[in-house]
Structure formats: C-alpha cells, structure tokens
C-alpha cells in the first residue's frame, strides 16, 4: 500500500532523511518514540489497519476529495490549473487525514488519551474531532495568545469534547504549544499519545504523518491522470510544517512533475537555510546567531512555524523539490482572485501556493503548463481576519 | 580556573562515603548570578549545574522556563555566560546544562573547546538522545568534557545499560516522568530507577527532577549517590533570595543529607 | 433520470401538488415563470444537461457526500443512526446542489445575471459561488437586519464577486428579501434569473429545486442499501423552505421508510395549519386573522421562514410525510451532543431534526430502528451564535 | 353608497371622448384618508383605487410599501377599511387593490360580498394570475364585482388576448417592467403595451406604474384611455399633503389630461 510513496524514500532506521530528521528528545520520551515507531510500522504493514483508515476517511472524512479544474483563472493565467480539494474534507482541511490515522493508532496502542498542539486551531479541531469519533480523551495545547485570537476555535474544540490548555510559556504561540505538549507527553506517556499535527517532530512523526497524508497524493495522481492523461508539469503546495505538501508530493515524487513548496515569507525556514534542532528534529530553522529560535510572522497562522519538516529540508537539499516564498499582500490578492473567478475561498495557507503560481505563470511556469495546486483548506476560518485587514487598508468597509 | 574534573571529583567524594549535592541555577538569571555560584560552592555543593538559557526548553517546567526568559531578556548568550564563568575561582567542578541547538549552532568542537577553556568539565543536553550523540560525544571527549546522560523511569534495562556505558561524570537519574519542578512528594519512581541503574554502572548516580527540600534531598540520597536540586533553588533566586539566601538553602540541604549519611 | 423521484409525483401542469403550489405572481413575471418552466423541462429531459450538472457537482461540489454511521450516539439512543453528510458539500450545505443547477440553467437560457435572496447567508454564499464559477453577475438580496447580524457572510459573498443588496422594507429579514428579489426580477427579467433558494415560490421553483436536490436522496438511497441492506425505517430532515427534506424524501418516497420533517417551533408553518398565498405559492403559512404574514422566530436563521414548500404541505395533507417541531433548547442540546459523541458539529438547522430523533428514540422511534438523518449543513456558521447563547445562559465562559 | 358601477362608468366616459384618471391611495395611511378619497373624487378622478395594506406587497415599490407599513401600524385591516369606505358618499366607482392572501383568508364569497355591500365595484389583485383566478373570478362576478387584470410589456399577444377576455372594469396596462414607483420618464414600453392590447379589447385601457406628473399623465392618455397614478400621490400624502394637497395634485393631472384631449 505504501508503494507509491517509496520514491520519496523512507527515512533511515534512526529517522533520518539525508542530513535531516532524527530523534532529539529527552530520554523519558525515547521509549515512547520507539514504541510509536514499532506500532506504526506494524499497523502500516497491516492491511486491516489500512482498510479501517481508508474506510473512516471515506465514510466520515469525505474522501476522496475531488480535483477541480479552474476554468476561468486558467484562461487568465495561460496555464491549466487544477485544485486538489482538501478544503472539502471534514473539518475543512487535509489535517483530518493525519488525525484519523493517529487516533486509530492510539486505540491500537491501547492508549485512551490524545494530546495535540495547535496554532490557529485547525489541527486542534481536527484532533478533537477524531478523538470524539473514537471516544478518546483529548487535550489540546494552544498558546494563550492564540486562544484569545481564535476564541471560536477554542469553543469548537470544547464543543467536540476536548479540553483546551492555554500555554503561557515563551511567546505563547504555536512553538510553545509544541513545547508544552511534549512536556506533557513526558509526564503522561503511559496512557497518552501525542498527536502531532505535521511532518515534524522526532522520528517516526515526520514519516508517519507523511504516510497518513500520502492518501491525498495517491488520489491526486490518479485523478490527474484521468483529467490530463498525464501527471501535471507542476505540483505546488504551501508549507508550514509541511504535511499537506508531503502528502501531495509523495504521489508525484517518482514522476517528472516539478514539486514546489511555498513558505510564508515571514516563516521561511528553508529560505533561511540554517540547520538546527527543535522539537525533536534536525531541520532548517529560523534562529539567531546563538541558536535561539525566532518566531515566524505571517498573515497565515498555519504557516507561522519557525521550522519545517525534515523531509522537506532533505528534498530541498537534493533538489527534488524547490521552495519559494510568498508575502502577505500577494497572498491576500490571490485569495480574493480565486474566490472571484472560481467560487472557492481558499484558506490563507494554500493562497500562498496560489500567489506563487499567479506570480510565475508565464515566467517560471511556461504558458501552457499544467499545474496542480493542493487546496489544503477552506478559507472560512480566515474570512474574519481577511475582512479586518482589508478594512484596515481601506479596501473594504 | 583549574578546577577539579567532574567525574574524578564526584567519584572521589562517593568513594569516601560522601553523598553528592548538585544545585542548578540559570546563567544570567540575575546580576549577581556569579556571586551565587560562588556562594553555592561555599555552602557545600559538590558540583554546580549552570543552565545556559534556551528559547525552547522542552525538558523544563515553569520555574526554570521563567529563569530562562529572564536570562535571555538580560541578554545572556552561551558565550557571555561562559566568559563570565571563566572569571570564577572555585574548587568544585562546573557542569553546563542546556539544549542541543545552542551547541550545534556554535559547532561541536568549538563549543567543547570553549567549555574546556573556561573550566567547565561537564555537559548535560537533555534533548540529545543516545542515538544522536556520537558527534558531540567525540568532540566533548576530545576536549576532556564529560557528557552526563539521563536515564528515565521509562528507560528499559537494555537501553539503560547503553546509556550507563556512554555517560561520563555521573549518571542523571530522572526521578519521575515529567519535567523539572518542585513536588510535594518524592515519587516511588526514584527507587525504581535507581535500582534499575545501580547494577549497571559504577558511576555516581544522582537523582534530579522533583527534589525540593532538605527532607527530600535526604530521602533521595538515601537511595542514590546524590541529588540534583534545580527548581527549588531557581524559584528562590527568582523571588530575590540572592547569593546568601541561595547559600543558606543549599546549606540546609547539605546538612540534611549529611545528617542522614 | 428523474424516475426515482416520480413517486413523490410531479406537480400538475399549473404547478399544483394537490391543493398546494400554483403560480401566484404579478403578470409581468408570468412569462418568466413560463419560460423557466419550459427551459427546465427541456434541460431536465436532456441527458447532456444531467451530465453537466452531475459533473460539476462531483468535480466542484464534492459529490457524492458520504453516509456516516454514528456509532457512539446510536448506542446511547438504542437505534442505528446514519447521517447523510451534506455538511461536506462545497460551501457547507446542500444548498450548492440547487444553485449549481440553477446557474447552469441560467446560462442555458442565455441569461447573464442571477439574483438570489438569503436569510443568514447560506443560499447567498452558495449562489455567489455558483455565479463565480460560471462567470455570471450575481446580486444577493438580504434583509438589512441580517446583513448586520451576518456581516461575515456579506463579506464572503462580496469576496465571491457578488453584490449584496440590503433590503430595508418590511421586517428587513428573509421574507422581505424574497419580496425584494421578486420585485427586482419583475424589472430585470430579460437578462436575469431569480435563483430561489428552496422548494418554494411559484411553479416551477418547488418542483425544479426538488429535482436539483433529489441527487442527495438518490445517493442516500443507494448508500443506505449498501450499509443497511435495506431502506432505513425513518428518514428525518429539518424543514425551512423544505429543500433538503424534499431532496432526501424524494429518494425514499416510494419505499416503506417513514418520512419526518422537523420544523422550528417558532416557524412551524405546517403545525400552524393555515393555508395561504405568499411568494407566489399556495401553502401553509404563519399569518394572522386578516391574512397578514407573521415573522418566524427561531434560533436557526435557515428555518426562520413563515411558509413551507407546497409539496410539504401536500405530503402532510396526504400523510406520506409527518411533520414535527423542535424548540431552541433541545436543538442546542442536540448540537452539543452530536459534536461530542461523533466529531461532527451540525448546523442549527439539522440539529432540529436530531433533537426530534433524540427525543423520540425509544418512544415514537422504537428501539432498534434504523434512522437516516439528513445532515444538511455544517455548524461552522453557527458556532459564534451558539457560544454567545451558552454564555448568556451561563453554560460557557 | 349606491355608486356607479366600475366598468359601466368608465366605458361611458371613454365613449364620450373623455380620458380616465384613476388615483390610488392606501386605506388607513392617515387619519383623514377618507376625506382624501372624497377630495380626489371632487378633484376629477374617474374612479379611485383603494389599497388594502398587505405585509408583503411584491408588486409595490418603496413608497407604497411605506404607506402599507403606516396603515398596518395604524391598525388597518381589510374589514376596517371596507367599513370606513361604506360611509362615503361618492358619485364615482371604487376599486380595491390588494394581494390575494387577504382575500383567500377571508374567503372568496365572503370578501366579494363585502365589497359589494360597501359599494366597491372593482378589485385588482396583482398576484392573482390568470391561471389561478377562476375561484375568485366566479365569486366576484356573482357579487357583481369587476376584477381588473394586468397586462405587462412581457405578456405575449396570445396571453394578452386571454387576459383581455377575462378582465372586467378596465384593463390595467403595466407601463414598464418593474414595481410601482415614480419615474423621470415614461417608458417606451407604454406605447408598445398599449399597441399590443388595443386591438384585443374594447375595455378601457389604463396605464399604471410610473405615471408621476401632469405631463406624463397627458403623455400616457395620449396613447391609452386613462392613467393610474399611485406612488406620486401616495408620496405626497406621506409627506403630509392632506386632502387639499392631494386634490390639487389630482386636479393638475386632470387639467393636463383634459388640455391635451
């Protein structure tokens, strides 16, 4: 079942993708990482687990999501633009794929609790959802700053039966929520699984989360071949931690498609080019001279992460994928443009990928190219923020 | 600056029937932190752990996190801390405790060399796992710096054996599953983890994480070779105890430990 | 293609379902109604139109939506509860089915503009979406009171390129938005289609909208037979205008399944039992002694309509379907309960149908029954309101 | 109360070469609305349309909607309006204009009977289409009440023929596509719709919707048999013109129409 992603390669036995990855966690957590690796390896080799995973994703999660062709925007850009519609998945983004996988694994490991970190709340809501479905206890760690900015998502998680734990350490945002979740995991590892939200953290998370997300790449590959009779020339995805990108790239890595990851300009770990260790992994990080981690800053909460999944650092190093950036203003423009031309309001995260495509159509992307964009989530979560920004700029009253 | 070497010093103390007391404080957490180090040494510490503040300390509880924030806000960097440590005149060894990224960023050899230069003979990096420590381990050995490793209640015996084999200076036995911080009670896990590792190593075994007061220090040193005391001291310093307050707290621990011994 | 819904019967040539329906519009609109009837009849007999409709709904709209089985809640209630997941359709409810149909028909009629009414904004957002996709101009009429209550949905529609026209007449809510849209249609009928949002209004709307929504009933019938090996004992849907109920009922009308429509207690047109004429149709209406129309009042904007589609009045009269009501408090409870037990936050509208099921499980619904609930939309649009209400009741801080 | 019958009265006026002026006002829109009706009759109206306020008037623009709101807020009901009309002593016919639900709710026969009782000989129900008028039509005829039907610019000739055949009293030619309301210009659609219906009927043809001032009234009656004037009058009444103001406005229209004739 994992065959289509083999071409992106599994990590080494210690969890390395080339020079990136590994397992940099305090000793109390090492046994949990090893246990998880064994449990996932076993589950992922078990057709019954795949069957259950795929069945929950289809009967509950809304898979497969369609690939939509953008007729009007394609014409304007002179390319053929397709969207993989993860915005139509339950809870509004690709995040559901990963949490269903991890929640099923939690049960399989005989654990009864799940903890998760969240920034703006997408992964938190998804985790709370999966936990509710499977009857697991769930606590979500969320920076106090974010609990205030995203009070409605806090309420959503609580509606879903999860506890939301405001994190008051450090910058009180996503990075600190990860720290706090890890600290809690140290203390409660016996009955608790840490459901990490992206292809980051210590081995086996980057690998496991990619595998859980690979379903979207597999689907998209088949759908593109049906629509285009071929793979697309470009596969483009936004990159925060990198899970949606890893998922879609995995479906095309062994093809001629060019893989492009787009980071937020203010959270561009790959562009910063400085390797380091954070949250249990060796990867590229935003950091200062001394090695203190910098906060990321962008319009999009889901891309506000100072690191990036280690496999992306590796794909960048080997050249198999290319990483670009998009700034806040062009992202806002892209969001508005797709809404108007195609009737799809994208989340701010995939609007980064779209902004790059709009910029490069007819330049780096030759006219006539076929381009697949991973529409990783819907914009409903962002409209209040976008409205405020446009109002502040005098572009909307 | 030519201070005793960590492992040699601790083994000698243990061999003579003594129990070890290792206080922890955060470099740069106050103006007089160097005076505090000095005062701790005089109050009966066998070695001192110096925290180098890191932005994302995943093994630490709220008190030590807070000390790191204060230290970073005061402009403390690994280099500024080491430079200041170099000025001290002590007759006990110093151990640096920090997170791996600061070392990776500085470069293994450079950092190990700097530790040796400033008279630090040990290093604890809680997020540098056994699996990932080879490069640093080589650099540290080459510079004569001991790398103290952690064993946790969750560590299997097989794994504990490997850790004991690689640890230098002493063995840091994590006294319970959880991050640093004071606790009302000593966990039953302390006895278990000490029993697990004692047959595996001749290194001194010090218990850390959760040791909060004289009685607990005495209790823990009844089981193991020594106690590491972090949050309880750091909290007092954050509350303004100053070098004297720190010294009198550590003296009270020393007294409780030695009474029992 | 329409065969599966024949059992609910097509209306008479003048648009009557028994004693309800018809075409009560000013003469300037009659030619438009006749033109629309002809155009729809022609399109609906054209396999090419069906193919296009179904292809847009699947590649863009996210169809088919799954049927999810509620494992935990079923156990608590002693029944077997299935959900038809219209909450996973694009824009978050079944409304997309209808607007795609009408937008395609607008193009087929050679018109370039669409107008629509909206209450809380669901149908407005869906209409703006379909218009953006097909490059139609779109104006949405929305009561001024609602534009203020639902400022974010106004912004969504505008993002999608629609104009939102605040309606300042009458009670400045949905009913008046329909009036105003009809008035505008009178003036602009040449190049403009009125995209009505439910199975209401003058013939052919109640019939046409049911047919466009029948896709969900057809899907659900097949899915139930796969899951249950049979039709469910009960098919339950909320009823505002009645489009989601009509859509799902149409898939089961010719079966032994009992059909239950649930109205909001404060907008229960069928329960009021007084026939009358409003918005071009003869149906059951909330009205006073003299025949003045009363406003509906419930927690759910989508059910705040003083009338009901004429076919429902007919189904009630013939006894083929039964209509019940649910009050605000039990609806809030139902919303919270499903969120917690199944990881699905329902919209307030289908939470009415769920509230009825929860109340009647083990009573009107015998233990062991199989029940299909049409989950007509997702609750994201409602969480801010639900939070405020729970806060006001001291049940959430 | 034994007023002239609508169709008889209007046909006679037209046969004598006269042009028709039919003002509209909303029952109950002010305390003195009955005085206004009287004043309009005296100012030269050939018949008067009395709006019965309905909550959801889909054929009306903002001015008449507003009058309906005012009238409803003043407690006006169909019955209260009819009861008051019964007290008037007029020598021209009255026509009620309202929406079908009020009649359906009251009951066809009962409502038609009440109209006849209070001396109303005509009725306009813009939302009662040709297709749906049979029941009401029967009740109205039985009570001797004329049902005036509308023809619109969008109506086909075939359909217009059927409407002409069923209309009684006069034929209401909708002067443009749109709801009631004043306009700066008379639409080119007026000529078209009048040309369409003239060959189809001997009924007087009155143009309504959009006739706003004396010049327009004159223009319209140059094409058709008469003009219905609604919003322009209702607006003046809402602004407080009162019976005299209304009368002088209608007199000015009367003058303009008759000048031209």
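The first chain written gets the first letter, and so on, giving A, B, C and D; residue counts start at 1 in each chain.
Methods note: contacts are C-beta pairs under 8 Å (C-beta built on N, C-alpha and C of every residue); 3 or more make two chains touch, one makes a residue touch a chain.
Everything quoted here is computed from the prediction, not taken from an experiment.
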Identity of the chain that, by mean CA position, is farthest from chain A: D
Mean-CA-position distance for chain C and chain B (Å): 67
Chain B-chain D separation of Cα centroids, rounded to whole Å: 97
Centroid spacing, where centroids are CA-atom means, of chain A and chain C in whole angstrom: 34
Chain C residues counted as touching two or more neighbouring chains: none
Shared interface positions of chain D, touching two or more other chains: none
Topology of the chain contact graph, where touching chains are joined (line, ring, star, complete, other): line
Chain pairs that touch, as defined at the top of this document: A-B, A-C, C-D
Parts of chain C lying in touch with chain D, wherever the complex brings them together: 14, 22-32, 169-170, 175-176, 179, 182-183, 186-190, 274-280, 282, 285, 287, 289-293
Chain B to chain A touching residues, read off their complex: 54-62, 65, 69, 72, 77-79, 99-106, 126-132, 149-156, 159, 163, 174, 177-179
Contact footprint of chain C on chain A as seen in their complex: 58-60, 62, 65-69, 72, 85, 87-90, 92, 128-133, 135, 151-152, 155-156, 158-161, 335-336, 339-345, 380, 383-384, 386-387, 396
